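In structure tokens below, several structures.
Look at the two complexes coming up: chain A is in both, with chain B in one and chain C in the other.
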Partner chain A sequence: MRRRRTIGLAAFGAAAALLLAACGGSSGSGSGSSSSSGSSTYGAAITSVVNPSTHKGGTLTFGNSSTPDSTDPGNTYYDYMWNFTRLYTMPLMTYKSCPGSCGLQVVPDLATGPGVVSDNGLTWTYHIQPNVKFEDGTTVTSEDVKYAVERTFDRSLFPLGPGYFPLLLAPQKPAYPGPYTDRAKNLMGLNAVQTPNPTTIVFHLAAPFADFNYVAAIPQTAPVPPAKDTGANYQLHPISTGPYKFQSYQLNKQLTLVPNTFWNPATDPNAKQLVSKVVMTMNMNANDIDNRLLAGDLDVDATGTGVQAAARAKILSSSSLKASSDDPIAGFTWFAALNTTVPPLNNLNCRMAIEYAANKTNYQTAYGGPVAGGAIATTLAPPNVVGQKAFDLYDALSKPNGDDAKAKAALKACGQPNGFTVGITYRSDRPKETAAAQALQASLAQVGIKASLHGFPTGTYDSNFAGVPKYESQHDLGISFYGWAADWPDGYGFFYYLVDGKAISPAGNTNLSMLNDPKVNSLLDQMASTNNATTRNSFTSQIDMQVMKDAAVLPGVYAKSLLYRSPNLTNVNVQDYYGMYNYAVLGVK
Partner chain B sequence: MITFIVRRLFATVFLLVVVSAITFAIFFLIPRLAGQNSYQLATEYVGRNPTRAAVLQVEAKLGLNAPVYLQYGRFLKAIVFGAHYNAGTSITYCPPPCFGYSFKNQQPVWPQMISDVPVTLSICIGAGVLWLVGGVAVGVLSALRRGTFFDRLSMGVALVGVSLPVFFTGLISLELFSYKWSIFPNVTYVGITSNPLLWARNLVLPWIVTAFLYAALYARLTRAGMLETMSEDYIRTARAKGLPERTVIVKHGLRAALTPIVTIFGMDLGLLLGGAILTEVTFSMHGLGEFTYLAIQNQDLPEILGVTMLAAFFIVIANLAVDVLYAVVDPRVRY
Partner chain C sequence: MAAPLDVFPPSADATLDGALAGVSRKDIEGRSLGQIAWMRLRRDKVAMVGGVVVVLLILIAVVGPHLVQNPDTYNANLINPTFSRPNGPFGGISLAHPLGVEPVTGRDMLSRIVNGAQVSLLIAFLATALAVGIGVFMGVIAGYFGGWVDSVIARSMDVFLAFPLLVFAIALVGVIPSAAFGLSGNALRIGILVFVIGFFNWPYMGRIIRGQTLSLREREFVDAARSIGGRGPYILSRELLPNLVAPILVYSTLLIPTNILFEAALSYLGVGIIPPTPSWGGMLSEAVQNGYYSIDPMYMIIPGVAIFITVVAFNLFGDGLRDALDPRSSR
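Here is the complex of A and B:
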């Protein structure tokens, strides 16, 4: 799952910021009319490119309310960093730069085409473009890509990125330790990846995996020249293959990129090199970022999670500001996992009672309402997952305030007609999640379910509490609040770590429902080995349906975020895959 | 006097060791006593869905699988002798006082922390001068004009100043003077050596906002001290001797009233140097306060430990300075 940084810095001043919203007032009176032709209207960048331009020059400024997990493409899992790294890397595959669902398409980047599958789905071969160069002018070879993949095996140095390669590639004995302790010649000892010539790279998998092109689109396949690798310090200056390169980086403070003179636009059609400098300032106050955006002192909020409450009030009350904003589906579903192993939730009817009793409107309000929070969710997968189909098993849309009669009937069926007690876990440093937990507690009380609240810090939520099955069962914690976005936009990328029984782990577990339904597991296995895209994507709704039939999750909202589109920006469009603006093509006026 | 200072310096070192032991125990020992094992601790730094092998790799890399006393010993050793860290392709040397290796950033803590000190120093010293001068001046004038409109107004403003948190006044000042009227646009820290004028311009708002809070407190303290002092018998004697009123006020009244103010100033400045968190976060300045905030947010124990030690150092040194000043003023303290 790609991770989103939650905005914590603003917490201090929330009340003050809301007061300030009143000071802002309206600053204009735009037309507010809708259009799909790229004009500057509310939501225009979701379906079209706003301010298309080839103008060169200027400085593109990003404000970041937090810090990247890492700027090393091999060690990052934040979705906005996967977006941002496209400015200085070229992984084997990437997402097509275009608005709407077109932006969900995985297309070749460093590779000349999608992977060629052979050996019954066990072998994936990519040919890379022969004339792509690093920032120092040396030509990229397949060995550089292999080395980049090898680095991800050293989890002591690069613990933060996804661990798909060690999971998917054919194992070797002894286990490959990563290049820094590898004793093989040229440090190229990962047998599962072969480089028969400088432009060919072959991946041998442990089992067929039809989504491998998506894995190849993770920044971890961006080439790293072994001679220029500096290990843990590589984050301070990754060697660029993208349109920009690092000029300076003060760790967690400010990053400056300048054009990479060896970048060739013909080899990288999904990125542009328009500005003469890109500056990302980190650790800024979230409200300060919003105000600077509105004042024109800043171009982009890097995290792409949307403006804060104060700016939201300003934007929505001003037609001109609203015309310069978008509220795309962020790709996240906020939900509550119902633990299928903690009594009495090990009984399907008890879980169904929660599904019916929950007040979905209050849940949505807790997350910020329909504009900034999101739409009421009826499925686990959000709409931007390819193959997702809408259905509503528990009347979330027809009875958004809950259906007490059906809830009580379900309670009777589960042998708990007077209700039961259950613990709810949530991340106490997230105000929206806290409010949602309180709202759920109140609505469950209406049908006699006594829920106790157990808040934990985000930093230890997975490692020590909700993500530790033993802890959950010992403390009768049956409901856990969570959020999820797909690592890649198909059903497998979304569901595997959430609902596959094989993904359950003793700590850091993300299958918080502890769902181990053979039907779900089997559908996921079939999906992983089906190469035909249409057939593969048909599994998405089947899995979603089975998970909901199991009542393993209580869907909350399909997250939306209100993004402010600075009028200074050119070539602005929301990339559906990231659920935020496409950073690879931005320019300034 | 030298003996006194040496004695206090030894006490300072001892105090810092005690602080380090307590802080280390809070973060590394107490969680273990509460049932958390080193594997779980390592899980916090591995990212999502870690395999067991990955967690074990991180556990070993961060040295979490060693006994706590050994980890503490390594921590102290690194402060005194420095430490070496494996960066993969090379060994990174962290010179003393090395406060460990960040679990999140994979970088030694000390260089990151020390690079933030100029920002915090700039805010604190500028604000310190403002609040001391402003607060004392207003306090003296209020005391001398007790019961007048000025007294009531200034004490009213002081009450407001004490009541308003920095993040409130900071956001208001940014909204008005930065975003709306652009008198101080793009408030961000610029090094004093790279552009002194811009450095000062961008610090005006943080200085005023921070100083407003403290000046209010100092004005009230000074006023109370002055009122008490000015009613002393020796002030009456001084006046009876025919001394000019200015001499009576400044030399006899203010000097006596200032003694507790200086003590508090030392403490406040020391505390603030440990991290002006609210000011730095509000104005998006990368100082020790923001470093602390981020360290806590990331649960980066070595960083939290490092910044706690540095803050303790500043407070202890400020105390030492106050004690030395006291010793100068009052020789009885030396014995």
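Here is the complex of A and C:
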């Protein structure tokens, strides 16, 4: 997923918790309720809940520098949207709302408990709470969850979300095309998911997959009532099971949520219903968002990747502003994917030339230097993915300003001694990414690689541009700026959708390197089928090493995000899983 | 008393010469329009200052880029990475960087300003040439032929004047692909900008020339030319145009700063020159839109002052030129 955080030790803890859960123990008993603190100090929200309060009322305002990729829980793949959808959805599982490593635990949400494994790991059974209601008062049944899962099979209608269900569930012949094409059996045509009674749902997997509870925590398992599904238009008004529901949504302009009167807090302890209105305004200028945050006119920067340069300078040089900010490790890597199918980048040596020529210091400075941007990355996986090991194939640490001599040698080896032309894509509404793209263009120019810049808005980056392989090859776009965090706290959850050949998709593609290396694919397959946690985690660094040997990405920084915590907010904590503030529990003063 | 004719005896020359001894032949030669204008211009100190600055700017734009360092070189060591601002006061002014460096990238401001001057002046001059070319042609035709030709041209001038130039430029840049008409990249972008600015500014010149032509065509020398057999093209090119040189010159000079501001505005809106090529408007845009002005005010002040000086210099010079060339104004 784009941007998320995993902590090594906590993931072991989570794996252990899973085992406990499978034995019937409670998985939420870890650190209990987090320490709460009323005082506001720098980084307070990373380890505690700041301004805990039960005060109700007020309007919670979010500012978005672009638009959501989709508000449909079945069709979104942005970290901040998985966070935001918790305001109007209840997936089967979710992450415990608490600060620190506590927040990496996956706990039941719509389900009554974690999945019960049987049949040698091939069957996962969940029981859902009997009295959860949709916003219209109808009771949620297991068929609504099955329908939500079925929708994700239609990759042409919903290309943007992850495709773990088609990947992991037992296949049927002919392949299940999704409920819009297969209208048979009351739209319950997916055989791999059974609903023996309204409160039980059974998943039959193609092969054992120990991480399935994490898959159940993806927003795609949030129930969707078939009678009210409007396909591509469902994003305009998803039927809510969470604390808030859609009141109005002007696409690309503004989204307004109001309290869902049928939400029962007893069924959903990881969310709160405190405010009387939630408003997200789209397409705001990124620096304008920061100015309004600092002025108190806006409560949250929705995308949660940190303030821009001007606000950063203001915050870090003022002790009062600094006390209202947090600098969490965001849990993802900013990098540039090198498209292995766009000539001449299809030649490994040409890609290696880019790895050597890039000025890593300028990349880091574009994001805010070591303090606010993050450490220079030498691997694709950030340090907090379980099993990650540090290595540096292209001298990024010993020669952070690039190695032009080695770059030129690589250019000669790939038959382009005078350089070549290539296109760079990046998200133009993100000033830090724009600055990084310009810095890369300048450093490549020094070895003769003439790069042209192509900026696109975040909202359509994946659906129309960088995420469409045909578009990239037609326009010679060989370098694509991106960020990625694990879908769940281990190596498989980080790597699969980023580097597996099977993950390549005609739209909403996340394997921007178009990498289809049999070695990487086989390592990922082995990882999926290994039950022993230690062995499974040892694959992480092997995959990482092979990906870097293929020079499939140019790593940038292991992201840190300087977040401004508006004094107007209550119940603020950094949710480690998202690497940003937990949106499901926020209130305002 | 001598007869009146006696006042001028045969040796008039000698007497006249004696009377006017000490005064050379040249002093009493009639002066051409150009000479008169130049004298009047010389006396206008403000306009002369403007003129000197204009010449300097053109020199800087033509020669400058070869004299300063590479505008695309990043100097990360001069930047405080946490704050993204240049080390040192006033945006990092030092001997090596007389105008400081840019925030985030550390690129030398002086070389970016000088290279930006080249871009700004190039586009402004080309666009002005286009506007003047079209404007003079249309204005003369409209003024001389009158009738329905005049009506059509005058109405089309109104249409073009009403056109939202900035909006159209943004739309055009979005629609034209990155390679068209045999050009690509910055060459294509400059072409688009010159076309938009020049093509939509011709009514400014057209109206003035049309007015001048309308008054000129009633003059006796035009009648005289017609009476000796001159037709339209002859009259237009040999009789009218030379008399239009003055207003053309003046209003061209006054059109250039307008076009510089248009180019800056388009760069500010993001449809100007493609980065990393510097342009004054682009630097202003980054300074304001990315909030760098609060970190490093010089980043906004320096290109702003550059635009200001350029526009004022051209305006002062143009005003002075108009005063000098206009025979009716009394100085």
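The definition used in the following text is that the second predicted complex is superposed on the first by the 346 of 589 C-alpha atoms of A that agree within 3 Å, B and C clash if a C-alpha of one lies under 4 Å from a C-alpha of the other, contacts with A are read in each partner's own complex, and residues count from 1 in each chain.
Operating definition for what follows: contacts are C-beta pairs under 8 Å (C-beta built on N, C-alpha and C of every residue); 3 or more make two chains touch, one makes a residue touch a chain.
In this text the structure is predicted, and so the values were computed from the model without any measurement.
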Problem - Which of chain B and chain C A:94 touches, first, second, both or neither - result: neither
Practice task
Using the superposition on chain A described above, determine whether A:425 touches chain B (first), chain C (second), both, or neither.
Solution key: neither
Problem - First, second, both or neither for A:51, with chain B first and chain C second - result: neither
Handout entry: Touching partner for A:154 - first (chain B), second (chain C), both, neither
Key = first
Exercise for the section: Determine, for the superposed model, which of the two partners chain B and chain C contacts more residues of chain A. Expected result: B
Exercise for the section: Determine, under the contact definition given at the top, whether A:291 touches first (chain B), second (chain C), both, or neither. Expected result: both
Handout entry: Touched partner set for A:283, first chain B, second chain C, both or neither
Key = first
Handout entry: chain B versus chain C as contact partner of A:364, first or second or both or neither
Key = second
Completion exercise
Going through chain A, the residues touched by chain B and also by chain C turn out to be 285, 287, 291
Problem - Residues of chain C that touch chain A when the two form their complex - result: 72-74, 76, 79-85, 103-105, 178, 185, 274-276, 289-295
Problem - Contacting residues of chain A [partner chain B, same complex] - result: 1, 3, 8-9, 12-13, 15-17, 20, 23-24, 66-67, 69, 77, 154-157, 159-163, 166-167, 175, 180, 229-233, 235, 250-253, 281-285, 287-288, 291-292, 294-295, 297, 457, 459-460, 462-464, 467-468, 497, 503, 505-510
Handout entry: Partner chain A, residues of chain B touching it in the complex
Key = 36, 39-41, 43-55, 57-58, 60-61, 86-90, 92, 105-107, 112, 115, 165, 167-168, 170-172, 174-175, 178-179, 182, 185-186, 188, 278, 281-284, 286, 290, 293-294, 297-299
Problem - Touching residues on chain A, where the partner in the complex is chain C - result: 285, 287, 290-291, 308-314, 316-317, 359, 361-362, 364-366, 368-373, 401, 431, 435, 438-439, 441-443, 445, 452-453
